[in-house]
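Every chain is named by a letter (A, B, C, D, E and F) in the order it is written, and numbering of its residues begins at 1.
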Amino acid sequence: MFAGLEELLELVQGLPVTLRSLEEGAIFGAGEPVLSVSGRYLDFGVFETAMLGFICQASGIATSAARCKLAAGDRTVISFGARRMHPALAPMIERNAFIGGCDGVAVVESAELIGEEPSGTMAHALILCTQDERVAFEAFDEAMPASVERVALVDTFQDEKFGALYAAEVLGEKLSAVRLDTPGSRRGDFLKIMQEVRWELDIRGFEKVGIFISGNLDEEQILRYNHVADAYGVGTHISNSPVVNFSMDIVEIDGTPLAKRGKESGLKQLWACRNDGTRMPTLADRDIQSCPQCGEMMDATLCDRYADGRSLEPTRTPREIRQKVLDRLVSLEL
Amino acid sequence: MFAGLEELLELVQGLPVTLRSLEEGAIFGAGEPVLSVSGRYLDFGVFETAMLGFICQASGIATSAARCKLAAGDRTVISFGARRMHPALAPMIERNAFIGGCDGVAVVESAELIGEEPSGTMAHALILCTQDERVAFEAFDEAMPASVERVALVDTFQDEKFGALYAAEVLGEKLSAVRLDTPGSRRGDFLKIMQEVRWELDIRGFEKVGIFISGNLDEEQILRYNHVADAYGVGTHISNSPVVNFSMDIVEIDGTPLAKRGKESGLKQLWACRNDGTRMPTLADRDIQSCPQCGEMMDATLCDRYADGRSLEPTRTPREIRQKVLDRLVSLEL
Amino acid sequence: MFAGLEELLELVQGLPVTLRSLEEGAIFGAGEPVLSVSGRYLDFGVFETAMLGFICQASGIATSAARCKLAAGDRTVISFGARRMHPALAPMIERNAFIGGCDGVAVVESAELIGEEPSGTMAHALILCTQDERVAFEAFDEAMPASVERVALVDTFQDEKFGALYAAEVLGEKLSAVRLDTPGSRRGDFLKIMQEVRWELDIRGFEKVGIFISGNLDEEQILRYNHVADAYGVGTHISNSPVVNFSMDIVEIDGTPLAKRGKESGLKQLWACRNDGTRMPTLADRDIQSCPQCGEMMDATLCDRYADGRSLEPTRTPREIRQKVLDRLVSLEL
Amino acid sequence: MFAGLEELLELVQGLPVTLRSLEEGAIFGAGEPVLSVSGRYLDFGVFETAMLGFICQASGIATSAARCKLAAGDRTVISFGARRMHPALAPMIERNAFIGGCDGVAVVESAELIGEEPSGTMAHALILCTQDERVAFEAFDEAMPASVERVALVDTFQDEKFGALYAAEVLGEKLSAVRLDTPGSRRGDFLKIMQEVRWELDIRGFEKVGIFISGNLDEEQILRYNHVADAYGVGTHISNSPVVNFSMDIVEIDGTPLAKRGKESGLKQLWACRNDGTRMPTLADRDIQSCPQCGEMMDATLCDRYADGRSLEPTRTPREIRQKVLDRLVSLEL
Amino acid sequence: MFAGLEELLELVQGLPVTLRSLEEGAIFGAGEPVLSVSGRYLDFGVFETAMLGFICQASGIATSAARCKLAAGDRTVISFGARRMHPALAPMIERNAFIGGCDGVAVVESAELIGEEPSGTMAHALILCTQDERVAFEAFDEAMPASVERVALVDTFQDEKFGALYAAEVLGEKLSAVRLDTPGSRRGDFLKIMQEVRWELDIRGFEKVGIFISGNLDEEQILRYNHVADAYGVGTHISNSPVVNFSMDIVEIDGTPLAKRGKESGLKQLWACRNDGTRMPTLADRDIQSCPQCGEMMDATLCDRYADGRSLEPTRTPREIRQKVLDRLVSLEL
Amino acid sequence: MFAGLEELLELVQGLPVTLRSLEEGAIFGAGEPVLSVSGRYLDFGVFETAMLGFICQASGIATSAARCKLAAGDRTVISFGARRMHPALAPMIERNAFIGGCDGVAVVESAELIGEEPSGTMAHALILCTQDERVAFEAFDEAMPASVERVALVDTFQDEKFGALYAAEVLGEKLSAVRLDTPGSRRGDFLKIMQEVRWELDIRGFEKVGIFISGNLDEEQILRYNHVADAYGVGTHISNSPVVNFSMDIVEIDGTPLAKRGKESGLKQLWACRNDGTRMPTLADRDIQSCPQCGEMMDATLCDRYADGRSLEPTRTPREIRQKVLDRLVSLEL
């Protein structure tokens, strides 16, 4: 999934180049063209590394987020990504996790930046500071506005089973979900623990209390836990995800295709079938009328995003980009 | 390897806390304590995520750099890390790659920041723009100050063997090294290609021309290529390295040990044997006189770095930290 | 390890045969002879299946017990074997687990049979019935004679870490060990849990409280846990161990060697070197003076155990057999 | 497959408890409830280990037997299980092997106990004692009543191919099957040996002579050999099969659900769909009207087997239990 | 695939035996009869080893060729087999590679022997001798008759991408294909190299220039490269292919079946269903009317090829045999 | 191991070229030069394929033979190689198997060619024709000259154990060895079968009768069987061994090094250390005085073998070449 264009466009403001690319949130395959810059090399060569940096890391994060959301389906996925990465990156990480499909982000400042309410649950620190789960649960309930869901963290001192029952006893009807952040050393069969918590809550009438899990999750685990879990908090797997290995190469000089060994020469276009999304790269000056596989019309997906000194990209909110991504995910498989 | 303290200390400036930690560049093992913060939780709790971010990512980068340097031994390792990561991180990445053991960094600005000369070689773009390797080699030779080594990039248009011979023919005695950045599709047996280049250069009298390789390198490949290569340019493997999974937990309240499930309670000290570096964690108030294994004296490695509102860490240059790291690497194995 | 001879000798009482075999507790290798019966086939053929049954299952159990004890070294190994096997076998299982090296057996009746005190710890049922760990701990302490060690089962309701601290608080100096029978779903990294319990006990001054673990243990796990654990309760792995695949074949008829395909013919002897235990099978009428490898004297290990209608085996208590086994284990490796 | 109830009911005779369970021969899945005991703990706690022993080992044996029979389909499976297990267990082993689906059992006494004719073939000992296969074949033919099938053991001295032809020559039309108990060292490609025997018998007109194989068989091998074999003798794989890891836990006290960590609390019922056998556990006091998947009616499968001091289980012969098991196997897959 | 009969028939000329076999090019399975010799053993026993040699190696080569052709489908497969095998075998290798399905053979003499035009491309030696690709391309174009396709070898000095473009520039419309014999050390992702060459040729209007690849190819690689490649040169994989492990055994003496252990006795026939080719071996004197699976008629495939001192096999040219093989391949899968 | 030179020299007789190479039987490593031809390309280019064929296949066979002999140590290795390869190759195969280290060859004609007595044992055909092992053993004993060892083939009709005892009974003191050619379907644990035969022979006083095994042997199996076997017959593994992948390339034109991509240019010499055999390739005109590792003198191993129109290679008999090979094998490991 392509992302990072917004920051990149800010960088090139004022440069005498033309920039064409996919839109943010578009899906692409290995070896396909996603972005081209035309102009005098001396005018933009010095920015090459920075441009690459914007899209490689942003696309890596958005892709990981999309994979997690794809795995979770209707269940909630919250980005817990800010931890463990340099704080300067937090807004970038949270924005791209959100447009990639996450339902919410945990960092307050980042949430504001993308125009969303921050999501989250109570912290271990609250429980440790109060040294008493009941006090912590009640303090959280008292302090938080009614709009915030009551998600009780139940694994600080107690085993998950008894912790969940205790939270249900203390908060009763107000309890929205229990969060299981089970430490790795206690995570022998996490699915079994969840099933046990589910059983114990259910037989006591707490069928509506959700199970929110976190801790070292990735898409494979999400698929395994979907059977029981209702919401996921995903951290490092999204924020520290491998960057996408884009490279930026000279492919054409004064209209003549030329590229180094290992690269295909010529300015390119990427066509996508309106029917099933099949993609096909061509030279930029070719015009593909119909899909070679199904005959349906194809659209050119690399469009001018910046030219004549100004950005041509209409302003889209993160929420708008994300909505289009979610529409696309429906037809994809992991 | 522990890193990121410098930025963290800037963050806590002015906070009424005491911070103890390892020094930057220190080696630690899984589960060992590296940093503690003492104070009122309300005074620093809000910075917890940021603190963690500084050290997790910096330590991950420094550790990867150290592993590459350890693998390379006396051969040169240059950090090409800036590509593909968000440009805001470039100085942080290059600094920690350098203190982790890299011999140089490629980004000009970052190099200035850490007080070193930038390292690097000519770019593919230069050769493509000139469309003629001879012109490019000669232009580079002409433009660069004498202090910069002439490293010719020889794989743009030609096969490595003929490219290397051509560079030797054009630059003669001035040629310091040839850089092989062979694309993956042509990298069937990279070591064999290097050996072939080495043979062809040698039989024509260019025994002194070095072989500088780059492209998707990591420590395992470095070990394999050491037999022939003289220098390495390492990129994403260092800059996008997995973060170190530190976590920050409350372990003591008002002097009483208390920690959540899965964490060992109590404020801790980490002792290191003067003889062989054996490490041993204890409660902070214990005093270990001698190593339980060899009887030699042990040193406390977690020291006060910030207290009473000011930093206690003496200012060390990146070069000084790196030198101490190199001294430590001598006795380690991958 | 050879076992089951005692019961077998009871079976043949009165039969006109001669029986030679290893002594109980002797070590043998694949394909080596362990027992021979001489006589008219019609006199004992009908007992063939029963004879085989006695030694195959007993030897399987004794061997598993010996492997566990070998793995545990000086640490305690208790046989919890009676569970899950048909109760009629309990005395046989416990006897052979004991002579194989176990330090104690859990079943009262079996313990009496072999002349030992039963070993054990409190049960989950006690804690569940009282619904309160404190009550259970105190009741156990009150009811048990002073000679029984106070081993508190700490994982019924609580996480192991807090359960262990609670037991130490309730029983104080009297607490001998805490037993961790952690359920599989919570057993993510059992060694890590033990280390955590060890740390928390130690920093509060309970260095002498042992860690007794149980639940699906085998010799490989014992080796892994030896670093922290002090005692093991081993159940199904010993009691349901694979039987030793002995077979009983006719190998000689009226003094002439004859055996079916796949079997070596002739009545045999098994010689063992006094020096290093090297074993060598020969025909029964050969006399081996010295070890072909080291020259030391060799002993014939297949001796007459029953002849002329009566047993020739001196009565050895299980404790005596076990002591000799322990002496042998010293020089063996897993 | 659940088994061992008969013996368990004898044990509880006279105890003031209520016992509910599956019927013998019922299929269950991992984690599903199979048996509950209600009453005062002091009245039955002492029998807990024995109860568990009855059903764990019996269910393990019945399950292995069922898997073998399922693999063999219409082909005959005889339990050779008595060898290598303690002789006290023989009747229990053979009974449960039989109710699990075996077509016959080899031990005379056990066969009588379950009211069946013993099955079997001639022994290696007979051939060795006579030292002449012809004599052995003819002696067996002469001594045995006409109702016993003539199964000739053909691998004692000769290769299977020539042995089978020899038996056919000696016994002619009377020969029912040849038994191949090929030793492991000669079992390079057992299927190939059988095919060769089949071919040689067939081209000489002995198409009706069956092939009966034995020796270290399990269900995977049975599947492989089904192509040629007509009958199987299965020994240790059934008699020494792993026990089923049932555990017995307190799950409710005075009507209030309570269970230790890792166990689901509350007295339970197991429902099975009349349509496809889908099973669903619930609390015992729930009433499930219809299958959540297909809407068909569901039956409660845990029924009172003992209450008010007497057994409520109608007496079923092993043959009746087995017949119902065979009916169930039809719809199962390995 | 059965081959080598032609040479074998020459060997037996004049011998008083009857020889029956499959026809050359027939498909058979493991363990099926392919050839029988009837007569006095003294008359032909001395030739047994030679007979076996003819058909084992020829069938091995034909089978490998057929597998490659099956993998390549409509694409061209040329046997480059003569290299690395003893030159005395060249005609035998090329003949059997051809009847197995190869479209051409590279050795001149062998081609004449089987009545086909030799196939091939220019050699590395030509380019090295001229030291200039242009000279070599033009010389080849000038010297070769118009009927020979212009296949330019483009990897001698240049990278494949630039070499292919250079050949297209020099030979223009006359260029039929470029041959990529990429050395293993440069073969990182051979498919990627081909795709790049394909792209660069296409965007410059050379869509009709084919891609001919060679070098260590086998059927698995052919399947992988089919996506882009148009023709294959296969060498050692066909010429040094493993021999078929036929063995020749006495199976009948004076009409009575007798064979050593491991072999099925009796003179045999192999029947093949006209419908789907299902094969079934029987004794030679049986008559199978219809396929046991589908009821369709079956044909006897072992026919008299030599009897009464003369060959009964009608003379078929290699081309005729090959055509029938190609017809058979249509319905097979790898 | 280098072989095939003798035939190659016959081919070049009369050509105006100079040929330098290793001597037959020399050891070389991957990528090392073994042979060079100097002259006008037009004078020898047409023979390139044939030259390569001679040495590639011969070296492959000699290498496999040497590996088998190296594995067998003092035990006998006979080449049974003629079967399954085209009969035209038999002399070439047997010669190179012999110089590679085999102790004998089975084909009469080939044996004469290399000046050795043919080795071998009786055939299955003899036993089948006589239909009686006793007759066959006695006939063989009667017909063969006293110089031929009596090796009885004992697995035709009987199991190996009884067959071996029968041969010993029939031939008594004259029996030299029993040959076990056990069919694959009966080869479950071949070593176990041998041990059983060994045991049965020994206990009856036939300790001097050797065990000769054959059938699908390779060096790994030889290593496994060395414990018991005395002699090996190796067939297809030597005769159908993979060819050595030599290639022949132009590396120098008129004294100037030039080679295609992937090949090292320049005429070469291969130096070998007198001390430990360390090899080092250099340009042909360099002179290496001493080993770079140990300082010992080094010898040039590529010597002129043909020049000025005549062979310079002194005539060495296969026996002489083989003796030198055996001397070399002493210091090698598999």
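The working rule: a contact is a pair of C-beta atoms (placed from the backbone, for glycine too) under 8 Å apart; a residue touches a chain by one contact, two chains touch by 3 or more.
What you see is a predicted model, and the numbers here were worked out from it, not measured in a lab.
Least step count on the touch graph, chain A to chain F: 2. For the pairs A-E and A-B, the larger set of C-beta contacts lies at A-B.
Put simply, the chain farthest from chain A by mean CA position is F.
Of all residue numbers that take part in the contact between chain D and chain F, over half occur on both sides, making this a same-residue interface. The distance from the centre of chain A to the centre of chain C, each centre being the mean of the chain's C-alpha atoms, comes to 56 Å. Distance between chain B and chain C, defined via averaged C-alpha coordinates, is recorded as 54 Å.
For chain F, residues that reach two or more other chains under the stated contact definition are 157, 159, 162, 183-186, 192, 196, 261-263.
All chain pairs in contact, by the document's touch criterion: A-B, A-C, A-D, A-E, B-C, B-E, B-F, C-D, C-F, D-E, D-F, E-F. Residue ranges of chain C in contact with chain F, taken from their complex: 257, 261-266, 283. Residue ranges of chain F in contact with chain E, taken from their complex: 41, 45, 48-50, 52-54, 56-58, 82-90, 92, 107, 124-125, 127-129, 131, 155-157, 183-186, 236, 240, 242-246, 249-250, 253, 258-263.
Partner chain E is touched in their complex by these residues of chain D: 159, 161-162, 192, 196, 199-200, 203-204. Looking at the complex, you find that chain C touches chain A at residues 157-159, 162, 182-190, 192-193, 196.
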